[in-house]
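In what follows, subunit A forms one complex with subunit B and a second complex with subunit C.
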Partner chain A sequence: MTDSPLADLHEEPVRLPDFVARLPGGRYRTLNPATKATFALVEALVAFAVRGWTGPTTMLVVGLAAAAWAGLLGRTLRVLVITSPLVLSIMLVNTFLYPGATDVLWRIGPLAATAEGLTAALQAVLRVAAFVVSVAVFSFTTPADDLLADLERRGLGRRAEFVVGAALQTIPRMRERAAEIADAQRSRGLDTEGSRWRRVRGIVPLAAPMVFGALSEVEEQTMALEARAFSAPGRRTVLRTLPDSAAQRAVRWLTGLGAVVAVAGSLAGWLRLP
Partner chain B sequence: MTLRLVAATYRYAGAAAPTLHDVELRLEPGRVLGVVGPNEAGKSTLCLVASGLAPATIGGHLAGSVTLDGLETASLRPHELAQRCGVLFQNPATQLSGTTRTVLEELAFGPRNLGLPLPEVLARVEWAAAVLGLEALLDRDPQRLSGGQAQLVALASVLALRPGHLVLDEPTSQLDPQGTRLVGEALGRLAAETGTAVLIVEHKTGLLARLADEVLVLDAGAVVRSGSAAEVLADVALEAHGVEPPPAVGLVRALEAAGLAVDPALLEEAAG
Partner chain C sequence: MDWVSRQFSTRVIALMPVAIAINIVLGFTVQKILNLPIYLDSIGTILVGVLAGPLAGAVTGALSNLIWQYAPVIGPGSNIGPFAVTAAVIGLLAGLWGQLGVYRSRPATGSTLYGAALLGAVVVVVLAWRIYTSPAYSDPANGYPSWVYGAIAIIGAIAAIGVAGFILIRRDAAGAAVAVAGAITGIVAAIVSAPIAAYVYEGVTGSGTDLIVAVLRQGGQDVFNASLGQGLFSDPIDKTITSFVVFVILASLSSRLVARFPLGERLAPSAT
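And now, the complex of A and B:
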């Protein structure tokens, strides 16, 4: 036996070291990223496209159940709270300014709250909440590199994968670089804190070196990629394969098909739900 | 397995005059060729031309001949060039793909681009990591390495494509003495043990004195001196071309200036 992290590479079939395989653990997280993406997509689609209360309410309940199963209910509810300004504006605009509504519930000055407006507002809020929950559960349970690895296995092109992967990895790097530039500018007497106006004025000397610095590196990065055969023809070798199963594939197809039928039925009028 | 430039003249796109003029060089397997010269001498351009990136990737006009293993670089596609000639630039941060979570995945980036079978990809990763002594870093985040470590990872990433030639543009310019030593030792081992031909542009002549078999002096885009590393680096005319001699050569000269007799063999040894 050896302690080398590559010791298992000589086994047949090849077993990747754990730090590369990064197999997800825990309830819901172990599902294949495509399965979780399908669930999120279906929840959002049905919540927005199926008329009435049933679609958004069911999808919100399903989303919250998934969050609870994954042990993420508290975190998901906190995300919902963050959307409260949007929820408030939806409520106010729809309740008081719903076009054509006549059944007035109460008046505040020149504005009248209507029952139709309130109904539309509550349904819209349910739709937004279901969408937010679906996105939150998906993003909390699916690391970006898991999703990209799975999409690559399913045929996503190397350029698309690189663009998304590089963009995701660039964010923390740009944040670090911004902090370094801000420190350098402060050491030269630039005020980047304090009042809002001072902070706004501090953006230009902060942003310019960041943008120009990033642009100046692009050519060298392009050449470095070419030097590593980035433009080679054919498919890239798939390194990480995340677990999938026939049962999950079946669930994905059934769920997707069910969502399409529900949406089509609702829009065509033959699926009448409260 | 030879890199050869014959009367190579290169002009950047939009430039009025060429940056390189009639450059001749020949690099055999297992040999290390150092390139020195003042700023704006055309050293980085020589790296781009020798590796085939110019004009293939950045455009411009090349006259004369640049061949890798007897094939004109102009006739090779970028991924074919990458398998014959690895190239490394100054800044470690721009050498890494920026898309990987571990050093192992970073090293696998190039071989995966070639679509090699997974066992072959991993064998190459294992080999490249072993050559540069990077096994202990394989689980680390490439973005969280020191400058020297990051440069070694970038070098290993290029090596994983198994090129017969390496072109390195000031690979230690952003490294501290320890990082410089790490890279220098790794390159020496690589050339000696794998027969890789190395062309290295360096301002640190002390490193070249230890590493290079031959040195070429470039000034204003032309080769003004070439020969064995010991001979060229001990040449008093080197400073006229804006190149500092290695510290050991400077020390010997200082001793001589102070009236202390120095054995000429010592000068040779110090430079070599």
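And now, the complex of A and C:
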């Protein structure tokens, strides 16, 4: 039981509680969080920085394959649907209003659709789709706690870990609180559903209690952190260790290096892809 | 090193998650639920910058966008991640304004007060004029519909009256400095965002502001300048409003609380 950090403190080997010891299960989810994070970053980097068709298309296919392998294809496709306003906007603005494009495909009134604009629009849509799929697969398969625990084991400071972890916990709490405040204000007659101008006037009575309520907690949090030796020197012992392997480490380095080479080559111009 | 570690005291570390959550929840509500053409997603960033310093502000801004992008539920499907660079620059500038004492309350009366109100209004008009004559608007190939220029003139006038009114009603000369800081932050944010929007999203962001991009494109601007023009339209308004919101928040917090932050003494009301 040498893999338990507390083992050498006791004569009997320590059994860690289930919520610490239980490891993620399921295809793709069992990969180390650092591996999944590397994949997500590499997909985003290549999709955005390698221009043309090849970069974004390859990354979209890779992302969708990972989603399918993890059994998340349906959820990932639903996330893609959420981006439809952006996709629609990219398609319309670029197809009809692409600066300097002359090869007209067809005309609608004063607007002319151009092949150049359509190409730029489709490539931008592919970039967005590849990026969104990379984000969806990462956030559906990687609990934030696991990622933070793993990064702390690799040397992330506890301040950084606290900021990210606490922010992620605060967001749903604050959204709940915003809904409660909206209910409370509605019960005393505030109109939060009428015309746009009415909703705009509703921002202040909703946002002010939320912001001040949240800020009033900062002082208590500071005391609580100080009382628990937050600024003490030294490192914490990480109880929750997630499995990693030499193969995964090699894959992380290879994909990372491959992405850097592809992006550098594309930007410098010696890697010409369609 | 002291300059760096001072900005990340335990109190600042406790403030940062709250600031990030305020950015994300308010920004999400304003952009996705109310569907307004402003962002209001940097109140927390500017708050941390002003209270703690440039580095703390920059970290808060960048983390806000990255956490928003990768958070469960609201994250997948949004497109804010690449703009983490802009958010970091906004936080950096806020820290600079904090160190310069821009947000320090300056109660004033009589000619000082009216002078500050006039100065604030004049500076807003000058900045609006600079935006109006920037390359993103001034050399269109086909010319814009006149409402583009009319809208800028009307918004500039409303902003000037708003700033002067704020100064006179609160009897606080600091309003002029806050307006200038907010407008400059907005101009810098627009300049930083435009290449990101152009390079990553081919110029549009899927929100109401795309209409401005479409109008500028129709007027003959290229992808970059149309995004810049849209940013120069939206960002100074957004950042000036945000700066005033932060100023009001800071004025409403007890000075005992504010004084404990690294830049707290730069926020204490001046003796005069």
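Please note the rule applied: the second predicted complex is superposed on the first by the 223 of 274 C-alpha atoms of A that agree within 3 Å, B and C clash if a C-alpha of one lies under 4 Å from a C-alpha of the other, contacts with A are read in each partner's own complex, and residues count from 1 in each chain.
We take it that a contact is a pair of C-beta atoms (placed from the backbone, for glycine too) under 8 Å apart; a residue touches a chain by one contact, two chains touch by 3 or more.
Model, not experiment: these values are computed from the prediction.
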Superposition on subunit A - do subunit B and subunit C clash or fit: fit
Just subunit B (first), just subunit C (second), both, or neither: which does A:Val79 touch? second
Which superposed partner A:Phe230 touches (first subunit B, second subunit C, both, neither): both
First (subunit B), second (subunit C), both or neither touched by A:Val238: first
Under the stated touch criterion, which partner chain does A:Ala136 make contact with: subunit B (first), subunit C (second), both, or neither? second
Partner touching more residues of subunit A, subunit B vs subunit C, is chain C
Kindly classify A:Val128 by the partners it touches after superposition: subunit B alone (first), subunit C alone (second), both, or neither? second
First (subunit B), second (subunit C), both or neither touched by A:Arg107: neither
Could you give the angle made at the Cα centre of subunit A by the lines to the Cα centres of subunit B and subunit C, to the nearest 10°? 80
Identify the partner contact of A:Val93: answer first if only subunit B is touched, second if only subunit C is, both if each is, neither if none is. second
So, A:Glu219: does it touch subunit B (first), subunit C (second), both, or neither? both
Just to be sure I read the superposition right, which of the two partners does A:Arg27 touch: subunit B = first, subunit C = second, or both, or neither? neither
Working from the superposed arrangement, determine the closest approach of subunit B to subunit C, counting only CA atoms, in whole Å. 7
The intersection of the subunit A residues contacting subunit B with those contacting subunit C is 162, 165-166, 169-170, 172-173, 217, 219, 221-222, 225-226, 230-231
Taking the touch rule as given, give the residues of subunit A at its contact with subunit C in the complex, in rising order. 40, 44, 48, 79-80, 82-83, 85-90, 92-94, 97-100, 120-121, 123-124, 127-128, 131-132, 135-136, 138-140, 144, 159, 162-175, 178, 196, 199-200, 203, 206-207, 210-212, 214-215, 217-219, 221-222, 225-226, 230-231
For subunit C, which residues are in contact with subunit A within the complex? 8, 10-11, 13-18, 20-22, 24-26, 29-30, 34-36, 43, 59, 63, 67, 69-77, 79, 81-82, 199-207, 210, 213-214, 217-218, 220-223, 226, 249, 252-253, 257
Okay, in this complex, where on subunit A does subunit B touch? 4-6, 9, 14, 16-17, 19-20, 22, 145, 158, 161-162, 165-166, 169-170, 172-173, 217, 219-239
Using the touch definition up top, name the residues of subunit B that touch subunit A in the complex. 48, 51, 53, 57-58, 77-79, 81-83, 86-89, 91, 93-99, 101-102, 104-105, 108-119, 121-123, 125-126, 129, 135, 138-139, 143, 154, 157-158, 161
